[in-house]
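Pasting a structure below so you can have a look.
Going in written order, the chains are labelled A, B, C and D, and every chain counts its residues from 1.
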Amino acid sequence: MDFSYSPQEEGFRADLRAWLADALPSGWGETVFEPEDEDERAMFRLAWEKKLHAGGWSGINWPVEYGGRGATLVERAIFAEEMARVGAPEGLNIIGHNLAGSTILRHGTEAQKQYFLPRILSSDDVWCQGFSEPNAGSDLASVRTRAERRGDRFIVNGQKIWTSFAQYSQWCFALVRTDPDAPKHKGLSFLLIDMKSPGVSIRPLRQISGECEFNETFFDDVEVPVANIVGDINDGWRIAMTTLAYERGPEDALGRQIRFSQELDKLIGTVAATPRGDAMLIDDPIVRQKLARAVTQVEVMRLNAVRTFSKYLNGDDRGPDASVIKLYWSHAAQNMYEAAMDILGPTAPIAAPDPLSAGGGRFQLSYLQSKAFTIYSGSSEIQRNIIGERMLGLPR
Amino acid sequence: MDFSYSPQEEGFRADLRAWLADALPSGWGETVFEPEDEDERAMFRLAWEKKLHAGGWSGINWPVEYGGRGATLVERAIFAEEMARVGAPEGLNIIGHNLAGSTILRHGTEAQKQYFLPRILSSDDVWCQGFSEPNAGSDLASVRTRAERRGDRFIVNGQKIWTSFAQYSQWCFALVRTDPDAPKHKGLSFLLIDMKSPGVSIRPLRQISGECEFNETFFDDVEVPVANIVGDINDGWRIAMTTLAYERGPEDALGRQIRFSQELDKLIGTVAATPRGDAMLIDDPIVRQKLARAVTQVEVMRLNAVRTFSKYLNGDDRGPDASVIKLYWSHAAQNMYEAAMDILGPTAPIAAPDPLSAGGGRFQLSYLQSKAFTIYSGSSEIQRNIIGERMLGLPR
Amino acid sequence: MNFGFNEEQKSLGETVAALLADFPALTGPDPAQARDPAVWRALADLGLFALLVPEAQGGVGLTLVDVALAIEALGAGLAPPIAASTLIATDIIAREGTAAQRETLLPRIATGDVRIALAVMEDGQGYDPAQVRTMMGGNGVTGVKILVPDADIADMILVVARVDDRVGLVMLSRDARGVAIRHHADIDPSSGLCEVTLNGAAVMDGALIGHAGSGDVISRLMDAAAIVYAGMAMGIAARMLDASVDYAKTRVQFGQPIGAFQSIKHRCADMAVAVEAGRSAAYYAFWTAAENDPDRSRAASMAKAYCGEIARDVCNETVQIHGGMGFTWELGLHRFLRRAKVMEHGFGNHVWHYERIMAQTLAARAVVADARAA
Amino acid sequence: MNFGFNEEQKSLGETVAALLADFPALTGPDPAQARDPAVWRALADLGLFALLVPEAQGGVGLTLVDVALAIEALGAGLAPPIAASTLIATDIIAREGTAAQRETLLPRIATGDVRIALAVMEDGQGYDPAQVRTMMGGNGVTGVKILVPDADIADMILVVARVDDRVGLVMLSRDARGVAIRHHADIDPSSGLCEVTLNGAAVMDGALIGHAGSGDVISRLMDAAAIVYAGMAMGIAARMLDASVDYAKTRVQFGQPIGAFQSIKHRCADMAVAVEAGRSAAYYAFWTAAENDPDRSRAASMAKAYCGEIARDVCNETVQIHGGMGFTWELGLHRFLRRAKVMEHGFGNHVWHYERIMAQTLAARAVVADARAA
């Protein structure tokens, strides 16, 4: 066990730190922030992703031949740390990088890799995910969106839901039914669908926080070239499981952990600066217990991710440990935001832009958003089934 | 809604209070306590029960014709309160009074009532419960102990487990299989078995706390007169459900609540008298939060029981509310003892008779005992099934 | 002794619930659309605000326990908070007001012509009304009150303020000189939370409520408010439980209703137990307030702390049980979550009330000990 | 950077686990039968106590992270606490001892000839070692230490005491004049908890450990002990998880193994997540102790607080999952519950450590703020 860094790794860190100092707007995080408007913010994030790509910092762990720089897992962790240190913006094309790219790298044809991967890295193609349907939530294998083969085309009809950022996406990877007569896990295929295809339409779906990150996406006689299937026909379930392992895995968790850690730091700073009677709120022993518990759980999120990274580094396969990671971070983060709303006391409900909102009103929005954490990317109930059955070997 | 008492009820209280002042040993609860030894304690409790009976305070809510005094539910609650106020000893024949008696009253023949009920009230007959078996725990209906009819006798063979106080019992009510070919709920009967019958043997079963409250009871060709069946042959499941409703119901909960309430009061007294650095432990705001939560939950236990009493008083039938009551008190009590072990700090593990044990070392034993609360009388998992299915109407 | 409600009490609850159901926007997805002023008039026409007014002042002369189920219905229906605030103020005026205050205010309250907002909290002072810095002086009331529900639509504002070195209650007209109102930005716009700035605000004649009395007026206010909020929290919790159970019966995944899965079934069962437990605490507290029982403050704090936690937990679980639908805007579960969160922090959160329970418990123990020693 | 253990580290853990399994009474139902003195000798013969001794003193020269899995095995196997105490003391002597202390003590520790008990707590003073009143004066050490595991079978006792206005560490021989030992009555007799009364207890030459050093000796002791206890807690938790899963696979009710029911399956899953999370916290803390990383105290407190809570929860759940069998004496699950409860209160419980985490976190923030300001 060794948490120290080699000279090469420290060099990587120094390069990145120097680049970031140049690339971020002056006053970033202090006087300069992301736009408030959802659409403007999306475009800001896209621009930042393109800047990262131009600087050579996009998809750093991908093979050099597909535009990556073959970075090690450790460099990837350093990258995450440094992005956190400066509070860098999030990206818009997270699904492209983490899910579409990773899945195509693992299961795609050479032609698919050559075409799609560089365009993902450059964020010329933003991606969304077409898995869930209104009647296929936890029971994902019961998807009904159909793809019928006609010559060199699939004709896709159906409806997907929770397609995050579909409104900004050029491409969608979707799980579709190609054999309605087969058992439900055996008749699915994994298609890459151009969002500009005729017959694709989207409808925004507002979420609990009032934001419209999600959409319903409708496919009405959409033509998809057969070349855009990943893996074999009717082998889509296996491919989708790979995608989900990435969605729930340590790369995703580490990125999230950094944001949670920043918010927690902001919370502690806010509490330390909040008067309560003759003292400060931070002096309240009950508040301190709650904060310390959040500090611990957010740190454990990081350690869980790094520990799983290390397993991969040491040659282990990706397995149900992704469910462990996802189940942990989702509940720990919910606990943290629930604790934040507790700790902030009477003014907890006051949100931005009210001058009385604690910590600039960021916790209220995050609190509402956090309610989705234990539902999307596979609900906690599904993760517990996976852990119970695949990791612990309990009977179905 | 009215929590005040009528003059008659206050008169009942005054009579009882006067009787108790005479009946309890002088110095009771201050210098005089129950014996430490398990067997001696059992005999002490039996003697107390007989004294209550001699004073006319046994089974007060039973009909006068069977030796009760036809007390109202409210008088019964007053009885519980007054017993609590003086910290009266528990009884030994609780199963007889609460379960055997209530079941026989509801479903027994007139002959059974005439014979058994007075002997229960006088505690000449102490009872134990023969329901669970090694392979029939949560799945109670799968009991295998067999009773074969031969003429005017059943011949009983099998093994029961968790038969509390079997070593002190004259009688056992048991759920036995009388039709091995019927569906499992349909082939059971409810028998009253004389523990002095040839072929009955018991083996003590030590529990987590080191005590031997429980036993395994073996039946080896035990003869039981057919007159000792309660209800019809193969109708035992329905009878047993009545017994369980009493076991989990408000009468039982109210008695327990009083003991928990006394222990909590003792805990608060102990914490108030415990120095911690320059102050007292009771001044610690974190300790106060935990205590207040326990105060609330123990009070809610009482209110739940009284509220359900009132439902019965107002004409409602006994239903799955018994499971609500049992699920609540068992977890609330566990929480309280876990909190006690938390609050008592470094010396929490020190038990009686160590002079350093907090509060006389009573919390350590209760803490260990409390682990059984959510398992016996139907595990929490079973109570949740009952509530989910019978009260909320969720599908099986 | 009887812990049941009578038929009139039950019927009152059902009537209020039915009335609120006629205003679907109240529980619709958009909190900004949920402040229909017609709701107040409808509740007034029903006679809700006459219930706690003594018969001598033209009311029905009921107590808080009589309206417990009606208050639960106000919670479940996400009624405008001014309804609850006015009921709480009515209880205070009826019990602690001078004869003149009773004669002046109560008849108008009974007819629904006076809406009263409650202004307790101030920035940086936590939950404790003893800590307020707002001061009533010779030239009026000065200070800044925050988190006042529905202040903007109130006719009067009952303000906790320092008066002659004591903390007291002052009634102001919302239109009085020196009263400025600003809407908060907050997670539940339907609660109408406002900041009320008082700059030498003009007071009405006889504006001090209960100041010459037992000194109990502030604790009565906090207790009554805590109990009413606890009742409304249970209304929310019970409604969310029902929504969860209904959804669990109809939503099919893996070939069966999800309510057949123990992970859902057992969670519903735990919620049902929590709802029953919270109701036990709340109903008992209503009774102590009606009788002004010595256990009133402890019971009120138990109810507020415990029911607030239960409502929060049940709202969270309900979102989870509804899966993806649960976190949509359109289904509107977030409305209950938001309202419950606002109510959790109104009139003392669970930490403040648990501390108060402990103080009450220790004080009661001391009384018993003194009695034994004497 | 690598968060994995190497083969030697893993093998060490397996070897210790296998050795302890040869002493079934250690985890048998009766805690009074679980103090076989042969266990110590077997562990010593295995070389366990040489591992942390530097090579110069005849040891293997490993660090705490190297023995993390061995310590987890000590926890899982309910090894006598003197084994852990001696390892903790070894770490302190090797790092903070004078050359003379190292030369005198470490070679004898390496061979298993010195068992060392740790005496920190005193009655009425909570968990904080800064609060001790035991005093080393001209005529020896005087004070009463409580809850000292295995003091009765120790050769030496490392005592936290006031020395020259500072809190320091003093090594005493258990047989020294003025040392009296009494067994506590407690919930885990297998922990050998003792009260140690020191009445002018004679000290050895050079008995003060680390007193001339960095002043860090007490926090190093608390950190090392917290980390070792966290590791042992995870050993218990992991073993209980395994027991639950095994039982859930074999116990049949309602015609299927109970592990097929979501109420059991999901609880096992949650326990598995907790065990992984606790291990992440514990292993990281072991590493910070090995490297004397600046994050050491925070990491140690996080591990002790969190792993203690996890072990407690997992023990409770395991009893529940085993149903009636779970609360029998014979199955022996209570042994783990009892040991976990004793360890929870050793070297600071979760409340004390959460408070310490907060103090460390705020101190680290202040350093960052200062650095930014500079």
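To be clear about the criterion, a contact is a pair of C-beta atoms (placed from the backbone, for glycine too) under 8 Å apart; a residue touches a chain by one contact, two chains touch by 3 or more.
Source: prediction; values computed, not measured.
Participant: Looking at CA centres, what chain is most distant from chain B?
Facilitator: It is A whose centre lies farthest from that of chain B.
Participant: Assuming a repeat means more than half of the contact pairs shared by residue number, which candidate in A-C, A-D or B-D repeats B-C?
Facilitator: Most of the B-C contacts reappear at A-D.
Participant: Could you tell me the distance, in whole angstrom, between the mean C-alpha positions of chain A and chain C?
Facilitator: The computed centroid separation for chain A versus chain C comes out at 40 Å.
Participant: Approximately how many whole Å separate the CA-defined centres of chain A and chain B?
Facilitator: That pair's centroid distance is 53 Å.
Participant: At what distance in angstrom does the C-alpha mean of chain D lie from that of chain C?
Facilitator: Roughly 50 Å, centre to centre.
Participant: Which residues belonging to chain A are in contact with no fewer than two other chains?
Facilitator: Answer for chain A, listing residues that touch two or more other chains: 285-286, 289, 381, 384.
Participant: For chain C, jot down the residues that touch at least 2 other chains.
Facilitator: 261-264, 266, 351
Participant: How about chain B: which of its residues touch chain A in the complex?
Facilitator: Per the touch definition, chain B meets chain A at residues 284-286, 289.
Participant: Which positions of chain C touch chain D when the two form their complex?
Facilitator: Contacts found on chain C: 261-263, 266.
Participant: If we count contacts the way the header does, which residues on chain D are in touch with chain A in the complex?
Facilitator: 1-6, 9, 65, 68, 245, 248-249, 256-257, 259-260, 262, 264-266, 268-270, 272-273, 276-277, 279-281, 283-284, 286-287, 291, 293, 302, 305-306, 351, 354-355, 357-358, 361-362, 365
Participant: Under the touch definition given earlier, write down the residues of chain B that touch chain C in their complex.
Facilitator: Going by the criterion above, the answer is residues 1-5, 9, 74, 77, 265, 268-269, 272, 282, 285, 288-289, 291-293, 295-296, 299-300, 303-304, 306-307, 309-311, 313-314, 321, 324, 327-328, 381, 383-385, 387-389, 391-396.
Participant: What residues of chain A sit close enough to touch chain C in their complex?
Facilitator: 132, 135, 137-139, 142, 161-162, 205-210, 274-277, 286, 334, 338, 341-342, 345-354, 356-357, 361, 364, 367-368, 371-372, 374-376, 379-381, 384
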